[in-house]
Every structure is written in structure tokens, then in C-alpha cells.
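Which chain is which? They are A, B, C and D, in the order written, and residues in each are numbered from 1.
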Amino acid sequence: MTHRIAILGASGYTGAELVRLIATHPGMRITALSADRKAGMTMAEVFPFLRHLDLPRLVKIDEIDFSSIDLCFCALPHATTQEVIARLPKDLKIVDLSADFRLRDPADYQKWYGQPHAAVDLQQEAVYGLTEFYRDEIRAGRLIAGTGCNAATGQYALRPLIAAGVIDLDDIVIDLKAGVSGAGRSLKENLLHAELSGGTYTYSAGGKHRHLGEFDQEFSKLAGRPVRVQFTPHLLPMNRGILATVYVRGEAGAVHEVLARAYEDEPFLQVLPFGTLPSTRDIAGSNFCHLGVIGDRIAGRATVVAVLDNLTKGSSGQAIQNANLMLGLPETAGLMLAPIFP
Amino acid sequence: MTHRIAILGASGYTGAELVRLIATHPGMRITALSADRKAGMTMAEVFPFLRHLDLPRLVKIDEIDFSSIDLCFCALPHATTQEVIARLPKDLKIVDLSADFRLRDPADYQKWYGQPHAAVDLQQEAVYGLTEFYRDEIRAGRLIAGTGCNAATGQYALRPLIAAGVIDLDDIVIDLKAGVSGAGRSLKENLLHAELSGGTYTYSAGGKHRHLGEFDQEFSKLAGRPVRVQFTPHLLPMNRGILATVYVRGEAGAVHEVLARAYEDEPFLQVLPFGTLPSTRDIAGSNFCHLGVIGDRIAGRATVVAVLDNLTKGSSGQAIQNANLMLGLPETAGLMLAPIFP
Amino acid sequence: MTHRIAILGASGYTGAELVRLIATHPGMRITALSADRKAGMTMAEVFPFLRHLDLPRLVKIDEIDFSSIDLCFCALPHATTQEVIARLPKDLKIVDLSADFRLRDPADYQKWYGQPHAAVDLQQEAVYGLTEFYRDEIRAGRLIAGTGCNAATGQYALRPLIAAGVIDLDDIVIDLKAGVSGAGRSLKENLLHAELSGGTYTYSAGGKHRHLGEFDQEFSKLAGRPVRVQFTPHLLPMNRGILATVYVRGEAGAVHEVLARAYEDEPFLQVLPFGTLPSTRDIAGSNFCHLGVIGDRIAGRATVVAVLDNLTKGSSGQAIQNANLMLGLPETAGLMLAPIFP
Amino acid sequence: MTHRIAILGASGYTGAELVRLIATHPGMRITALSADRKAGMTMAEVFPFLRHLDLPRLVKIDEIDFSSIDLCFCALPHATTQEVIARLPKDLKIVDLSADFRLRDPADYQKWYGQPHAAVDLQQEAVYGLTEFYRDEIRAGRLIAGTGCNAATGQYALRPLIAAGVIDLDDIVIDLKAGVSGAGRSLKENLLHAELSGGTYTYSAGGKHRHLGEFDQEFSKLAGRPVRVQFTPHLLPMNRGILATVYVRGEAGAVHEVLARAYEDEPFLQVLPFGTLPSTRDIAGSNFCHLGVIGDRIAGRATVVAVLDNLTKGSSGQAIQNANLMLGLPETAGLMLAPIFP
């Protein structure tokens, strides 16, 4: 059976990535696409790389008949999202890719996003969409909140370690390197090719990045006590991919063993042999996350490196993985595309 | 039914691209992989991006039992290839990706490759693998010679125009821009990131590039008289993609119409609206070729721009498309992966 | 003696490049910098790469006392420029980097820029700033019109050939590859790293690029009869550099000899040995232009390849070279910086 | 007075960078260039970007008359260097860019480089070349050992902090991002454009990178007790530049103040305002090092970010800065070239 899919916000990168993945998905068919400012255009006009597909024309959200939709992906900007979803049918299955429903506590939302949440009831209803750790809730859920792409990368590296108690919870440093597509299709000087290519720099350093809200929420819940990590993201001259170098205190062998065991049956999470560290080039365009662990010459320290594609496993691929669960499809349906190299 | 596939020369870029594409191909299963110097290694060791796949270990060619193989892709270096294929079973279906069987005339081969052909009988048997123009021969063939990636790009732009007689055969200029993966995984100074990134230059200029042998052979045969094009390739700081800017004498509207009509039923060849020209970014990682036509302020001149991914439509994707025909599979099987953007 | 320099429009790339070059210029000192929307800021805030320099704060143009300025560089947007310069003192030496004064004929200006010129008298006064061909006029001039960067590249390849009569004037094709800094610091989707990096495409194809106005004006004047070239620019994923592949009809040896002789005493124009073609990597960040010539297997055809850095020799370096002449300084003063590689 | 300079190993990146910088140096003239395997060639053949310079032909080391040389830069590979320098005149001023004389203790050398040192007496004589901290020794020295480029970056961030006692010496993490030119012109698969561009990964992780030997030596000496840092380098798809993100325990304001004061009179070390972090794009091609400090939401932690160009301040620029001191020239002579942007 083919499920009828709507994508709201199809003119951004995560929207386009959803279309790219669904193009070869055996159980989904796109029947509605929205893009407010580009309503009336075809996807081929907005994204010529999709011109071989037979897709519905872009419309405004109000023009969509949601009664004929089985599941709706929402790839709209933050803040706008909560207003839009509040007006959608209350029984519509939704996978949201924005930041609006990631934090459960309204106070946390206000702290990190600088304004009160406009749909607190939905915020309570939403399920945090880190698939491998919330499968049952996602399967049973109606509104799934896709995780931050950086937040996903860091959690894949750390959750099993926190749960197993093999690292010091008070000394975790996440030094993250991110490709530029994570910033979306926004017109900013620092995202221009001329300004970014050939260089690197930090952004939102010093404990200000909003994905820290997710780390705090999830790690503290997991540990049963407050956990605060140090987190510094860097922008790199690459389009796709995140590499998180995570510095922990713990015995490296144990760290590796915990991760390897935690993920041994996971189709998308691949733990490399001990001492081997991953490259973002090996997961580009795919839903895979590679993880590696190495010790240090300083006893009692270990470094975990996790890589994933921010647009796929970190966003649209994760969204489809969650939608597969919600629709009763095989979890990996449409997501086994191999990475692209070189 | 799933066909059993062997890939000879699996440690190069075209070999890896074959594996990438077959990974989600519904009718093929890889049962043998060879790589002479890396025999004994796993593909995950040679290409970590393929580590999620369950693949046979790399072996030497002699270790493969070809009686259990339905079709063999040969992705070996030039010259080596003719020796290897000469020793393979004579009834084995083979799709070759090297340059060894592209030219039909032994004298042409000697002229462009600087040595006599070592398997002239196979050279006669081989079918030129530009799928859209040799479908029947490929379906009936046993040994298919994959085209040069540049040669494919130029031919997609020009064959229908030559056949239709809408351009001057004595004034054709192909200015081609190529990504670096076309040069393979060879260790040369000019292919280093530090030397290539951020710049561009010509290579094999002045009528010396070997793909001219293919242009000469194919265009002359099509026109029924000698056709010699001018061809200048440039290396660009990008990994995948070829863009051919083809300067022709002819009425631009007619040129566009001929191309649009020629390719209207082709699944992989997309002719853009008149006046719109394509980008390599819109076909990366896919088997699609986009073509555009524009006129010039100088009457009687037209420019055709064709783009394709050298590793996919220009090489391994083409090879699988041909293999699909040879195995009685749908021609597009496994090849409808959308391009990757951004 | 150190001359006092003003730069109008210092917050764009050509403005910043002027500052970079003047930083180590022995005969110039920057005493005024304007940037309308960024007035009040320091250059270190706008361009942190210049933070080691002791520079005046950015001001509005009206705040500058031009009586204390020896020479003014104007790096403002097109159209704005003619209005600004019309209001500047009539005896102020000006080197303009915009397109406003490149075309001498008001009708040509209107044709290529879509509006009547607002300062026709200045247009008549202006000297076309291609240094090597207008030295005397520049030395004697007051208002110098910097050339288009593409226009400069094409002219370096072609002017001596047209003057010497060694090529067919009716069959000239310029296929040009340009780095992205030529588009300036403008916020456009196609200039984003995510959209440009890793790919290439044409722009202003089909005889629509405005630099054609310069080619027409200069080549026709030189030939004494109308000359129309075919010109297709491509955007490349690199920040600096232009490579022009120029296809001409003529005897390649003669073409090379004419260029070599024409430029043998030029400090910035380097003609490579016959058959050797240049790379943009070898001139990045410098005021040098490298040229190469090769023949073709088709008799009577030659290919000239010229490379230069669009921001230096194609714009700000040229401007300083012209200013040196106007100020009685050595022509090469401050401009002998070696290219940067890798 | 112009000093006569020899460069041994002129065919590598650091050798070429020396030539680039000396090209506009007012007090140095290159009179000898060696390159063993390329002896007999011109620099224009090996590095076309230097073709505008009037340089001596490449020779073998034995062909150089060192009696006419005032100072010799040695840019040879590790291990080879100690043998070569041992055979040079004992009174020749030498600035070495290799790793051979960076470590003072023969046991340390053997530990990090895997073999006994072949010129222990020279090892004792050599002065560690981190200019700002060893000025007097360098001025008086005969053999200066250029620092590792990563080692320089980390030391600029940390030395004043260790000296001032404002950070915890037992909890220092250096997460470093390096451009590819630091790996030299070596032919390795992972340095190919096709493999590196668009991605990132760690190298020599886990406490194995040889520059740790320098950190250990220098930091321990400075602190008067053993200091061991954790150090993880990453390779980035950029040609020039290093960014070190240094995680320390200490009060961020004090950390910033110590750095700002330590470097306030340094011409090449620029400390940004508190809370502002630097970009590698702002120092490319220059001898400048930018440093920034930010606090964290976790009290008592600070992050220092230092950037420099590995080929300039990290290697050849540092070498010239040291040579200036040895020759009695102004320390900044020839080194005030502004960075190149974009």
C-alpha cells in the first residue's frame, strides 16, 4: 500500500531532501507540496534536480485537502511551525522537522528560543524523534518532533555511555564540525561560497547553541540528574555532513564496547572497530551514522567520533524513518540508499 | 529473479560506483569482487562508505568461478582490460567500463592508444555502449564497451543534430568542464586537493584527448562522411559532473526542437525549455543527463549545454543500464535514484 | 612621496582588495574610506582580515574632504557610480571600478545597461582603463574607467591578434570560466556555498553578458570595422580567477608569436612557451596574467587560454596600476606580490 | 644591504612559500635553490606561479657554494634533514623547517620519531624557533628549528596562560582543524581532491601526533613540571589554515586579559575583543595569528581559538621572521603582506 504524503515547506533544503528520498520510497507517494512564497511554481523550477519526478505543483498550505493525506511532513521555519501545526487537523499524523516541539518544558523552550511557546498542548503531545531511542513512542505517536541535526549526532555518541554509567557526567566536551546545508537556504554573507570556501570558524560558541537545550533535556532525563555538556560547533566548507568529536572521561575499551553492543542490531548505526575513526565522506547522502572510539595517551580519557549527514540522518532521513514507524512500514523502507563517494 | 554479478576492478571509483548502485538494485546481487593488489581485503576496508553492505571479500580474478556469474562488469585499467577479458569464458556476458573496446577499427585504436590492440577479435565483437543509440545491439550483445564519459556527454548533445542535418558538420567546438573523479583514484600531483581546489586549467588540449577517437568514429558513421570536432577539456575543482558547452552553427530553435523530440521518451535524458541551460549540480549522483539550448546574438549560431555525472551516466550507471538490457530487466531498474542536492 | 588615497565603496570585495594591495604599497596611504550603509564601522569589523592595518573609520561620501585627497578609487555599484562621480570635484583624479564609464557611446551604454547614461559628459571624458593598451591616455587622464574583469581577460588574449591580422575576425568564440568573487558580495541563492560548491553552470549565455559591450567597442575600434565575438561565461566553484578559452581561426604558431612579441616587455603579462596552457591557480592573488597558445589537430585553428585574478588584474590591481601612472609612480609599484599557491 | 639566501628543498610547499615571501622582501635575495630530484629544472617548471621571478635554476645541494651564502633555509623532509645539515659548513646560519631539531632531548626524539637522532650535537645547538618566545636565543643562534605548524598554533593559545597560572594544567584539550597543505605535496589517496573535498576526518588521533612532543617539551619547561595535553587534529577541505579550539579550565575574562596583555606589542599576534572568535579565512596567506577567547555557560571554563596559516606563520613566514632576527633586519621585513580574502 502506498501512503499519501504532504510536505509543508518544500522549497527549503530539508523539504527537497524529503522529496529526494521519497522519490524511490516503495510505500510513499507525494500528493501535496506547499511553499508559501513559491506557491504556483513547480518543483522543477525551484529545484531543477528534481525535474525528472512527477510531482504536484507547489501550493499554499490552505489549499491542501488534508483529509486525503496519510502523513504530513512539516519542514517550515521555527516559530512559524507551531502556528501552522496548531491549525492542522488534530488527527493528522505529522512529522515535524523544525525546532518547535523538541523541548518538552515550556520554560526550556522560552529560555532557548527567546519567546513563549504558542502551542503548549501540542508541545506536551509531541514525541522526541530520535528513532533508535523512542521507537515505541514514535510508533504510537501522532506528532513527532525531529531532532536537531547536531543534537542527534551528539546523542548517538553519548546516550549509551550515559545510560551505562561508563563516563564522567561532569566532563563532556562536544567539538562539532558542521557542513553548511544545516544553515538552510538562507541568504547570509557568511554562507556565500566566497566567504566560506577554504576556511573554517566557530559559531554559537560559548554555550549558546540552541541544540544545547536538547542535550540538557535528554541527557539529564537519561542520567536522572542534571547533565551539562560543553558544546562548540564549527562551520566547515562542505555541504553535507557533521562530525562530532566527543571528549569523555572513561575507559576507552569500555566506551567502545558499550557503543558496539548498544548499536549491534541497529541498521543505520555502525560502530567501527576500536581505534578506527569515521569520516563524513563515508555517510554523505545516506541515513547512516558511523561511530568510532579511540583512547588517549592520557589514561582514563576516550574520544568518540560520530558522523552523519545533517540533511539525511540528521533531518529528513530521520523524519522518514519515523514516518515508516508511524505508518506501519518497515523502518528502513526507502532509506537504504548507499552513501555517495567520491 | 536476482542476477549474480561480478565486478572486476572493484577498488577504483567506477567499481565502487557500481557497488553503490547495485546496493539498491532489485534485480542484481554482487557475488564476486576482484581487486588485484587489494585481494583479501573487505570492501569496507577499501571503501568505508560501503561498510553497511554484505559483500564478498575482494579476490584475485583467477579465484572467481565464472560459471556461477550471470554478468560481469569489468572496471579495470586500459590495456590490462583486453588481456583479462581475452581470458574470460567466451560466453560470459560482460559490460566493460574501460577504453579498450570503444574503437572498432584496430588502426584507430593504435592511433589513439599508442599500441596495437591485443584482442582484435573481441574488438570486433564489442558493441558500443551508448545505450539510447544502440539498444538493440546491446540487448543482443555479449561484450559491451562502455563509452568515455566525455564522449557520452558530447554525443548526447550532438548525435540528434548530426542525424537531423540541422548543424554545420565542419564547425563544432566542444568546450568541456570535467570533475576530478573522471581521472580515477590515481596519485598525481595535479589531482591533489591542494593543487586543484580553487582553480581550473585545460588538459589534453589541442586535439589530443583520446575521447576524440570516439567522437570521430561515431559522428562520422552517423553523418556518412568524416566529421572532426574541436574538443578542449578542462579540469574543475569538483568531484562529480561534466558540463559540455557545444558551439554549433545552426538555427537554435531547430536545434532545440530536434533534441527535445529525439529524447522525449527517454527516461534519463531531459531537455530543458528553450533558453534554459543546465547545471552539473542538478544531476550529481544520478543517471540523468540534462540538456539545454540557447541561441546567440550572432544569427545562425546555437549553444548546446549537456551535463551528466561522469561516474554514473558517464560510466557505472550507463554500465548498469546496459546490463539491464542484456539481462532482460527493465532498463531503468536500480537507476531512478534522484540526484543529490545540495 | 606618499599619496593620499580615498576609496569609495570600501565594504565590497573590490574595495577590500584595494585596501589589501595598498597595505604594502610604498607610495600610497589610505586617508578616507566610505561605505554608505556601514558608515561608522571600522574596516576590522567589516573585514576582519584587515584588522592589523591602521585605517580610517568608514564614513559616508559626503563626510570626506576631497581637497586633501590625491586620488580617489570608486568601487561603487553600477548606476550609483555615475551619480556619485558627477558630484565629486571636477579636478579630482578618479579611478572607477564600476561599469559606468567603460562604454564611450551613450547608445551602447543604454543598450547594454538598459537606461540612459546620467553623466554623458563624464562618459566622454573617461579613459578606458586597460593599462597596457592605453598607457598614454591613462597617464594624462583624470577619470579612468576600469574594465570588466571578463573583458580584460578576453582582450589580453585577442587584441594583439586582431591588430596583427592573424585571425579570422568573424569566428571568435570566448568560453570563459569565472570564480565567484566576480559576482561581488551579493546575497543570491546561486552564490551560496551549498549551491555553488561542487558544480558549474553558465550565466548570461547567448550573447547577453554586458562585457560584450566592451568587446564590441574595443575590438571594432581596433579592427576598423565591426567585430562580434561569441561569449559564454560559466560560474565555477572557486573564489578567484578567470580562465578564458578563446577559439580562433589562424595559424597557431603565428598566433603565439604575435602574443609573445606583443607582451615581451610587459611586467604583468606572461606568455607561456608554445603548447603550454596556464592555470588560474598560478595567478591567484596577483596582478599577473598568464597566456598560452596551442594548435589543434584541425589545421588553421588555434586556442588561446588566458588567466588572471578577477579581483586583482581584472579589477583592483588594474586600478592601482592605472593610479600609479596617474600619480607618476612606477607602474608596478605595490603590485609585484607573488601569486599565492597552493 | 641585501642578504644572499639559499633554499634547500625548494620543490615542496614550504620551499615555494619561502620563495613567494622573499619575492617582495627588501633585504633578501635568493642566490641558490636546491631540489634533488628536480635538479636542472627551473622554478617556473616546478611552480609556474613563480614564473615572473628571476630565480637561479634548481641544483643539487652539493653544487651550492655556501661560502657565498648569508643564510640558508632548509625545507627538506624529516630525517634527511639531519644528515644534510650535519654536512653543511659549521658557521653557516641555518633556519630549518623540518621536525629534526625541534626536540631537545634525544630520548624524546627517538620516542616520537621512532629512530635515534643522527646529529645529537646539532640537536643541542638548535634553538626552538617560536619567535615571540625565543627572540634573544634566535638572534644569537646559528641553527634555528622551525616549529610544527600545529605546535605553533597551540602554543600561541596556551603559553601565556600556562606562564600566568590562570588555567588548570591537567585539563587541556586541543581540538585542531588543519588545511591540507600541511601534509605537503605528498601523493596519498586521502589527499586527493576527490577524497578530501566536501568532508572531514581526524588523523593521528589518540595522542599519537608528533607535535605532541613539542607541546610536552615546551609546556613542561614553562610550567616547571610535566604537562600533558590532549590533542586531536582533523583534516579539513581547505588548502591553508589551522584553527585550534582549545578547551581550558579557568576564568574566561582572566584568560582573555592574559593573552591580550601578552601580545599587545606583537606585530603578528592579534587578540580579538572578548567573546569574538577568529576565522582561518582572515589570515590566509599572511604571517598573522588571530586569537579569541570566549567563556562558557559552565562556570570556570574558557575556550581559546587560535588561527594561523600553516604555510606562513606556521612555517615559512616564521622561518623568515627568525631569519630577519639572525640577519639584523627588522623582524617584520617582508612579512607585512595582508591576508588574502575572499
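We take it that a residue touches a chain if its C-beta (ideal position, glycine included) is under 8 Å from a C-beta of that chain, and two chains touch if they have at least 3 such contacts.
Just so it is clear, the structure is predicted and the values come from calculations on it, not from any experiment.
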Any chance you could name the chains that touch subunit A and subunit B both? C, D
Of A-C and A-D, whichever chain pair has more C-beta contact pairs: A-D
Take the average of all CA coordinates in subunit A, do the same for subunit C, and state the distance between these two points in whole angstrom. 45
Dist(centroid_CA(subunit C), centroid_CA(subunit D)) in Å evaluates to 36
Go ahead and note the Å separation of the Cα centroids belonging to subunit A and subunit D. 39
Among the residues of subunit B, pick out those that touch two or more other chains and give their numbers. 13, 181, 194-198, 237-240, 278-279, 281, 284, 342
Residues of subunit A defined as touching subunit B within the complex: 13, 16, 19-20, 23-24, 47-53, 181, 197-198, 239-240, 267-268, 270, 272, 278-279, 281-286, 288, 290, 336-342
So in the complex, the part of subunit B that touches subunit D is made up of which residues? 13, 180-181, 183, 185, 187-189, 191-198, 237-239
Report the residues of subunit C in contact with subunit B in the complex, numbered from low to high. 171, 173, 175, 177, 194-202, 205-208, 212, 228, 230, 232, 234, 236-241, 243, 245, 247, 275, 277-281, 284, 294-298, 301, 303, 305, 342
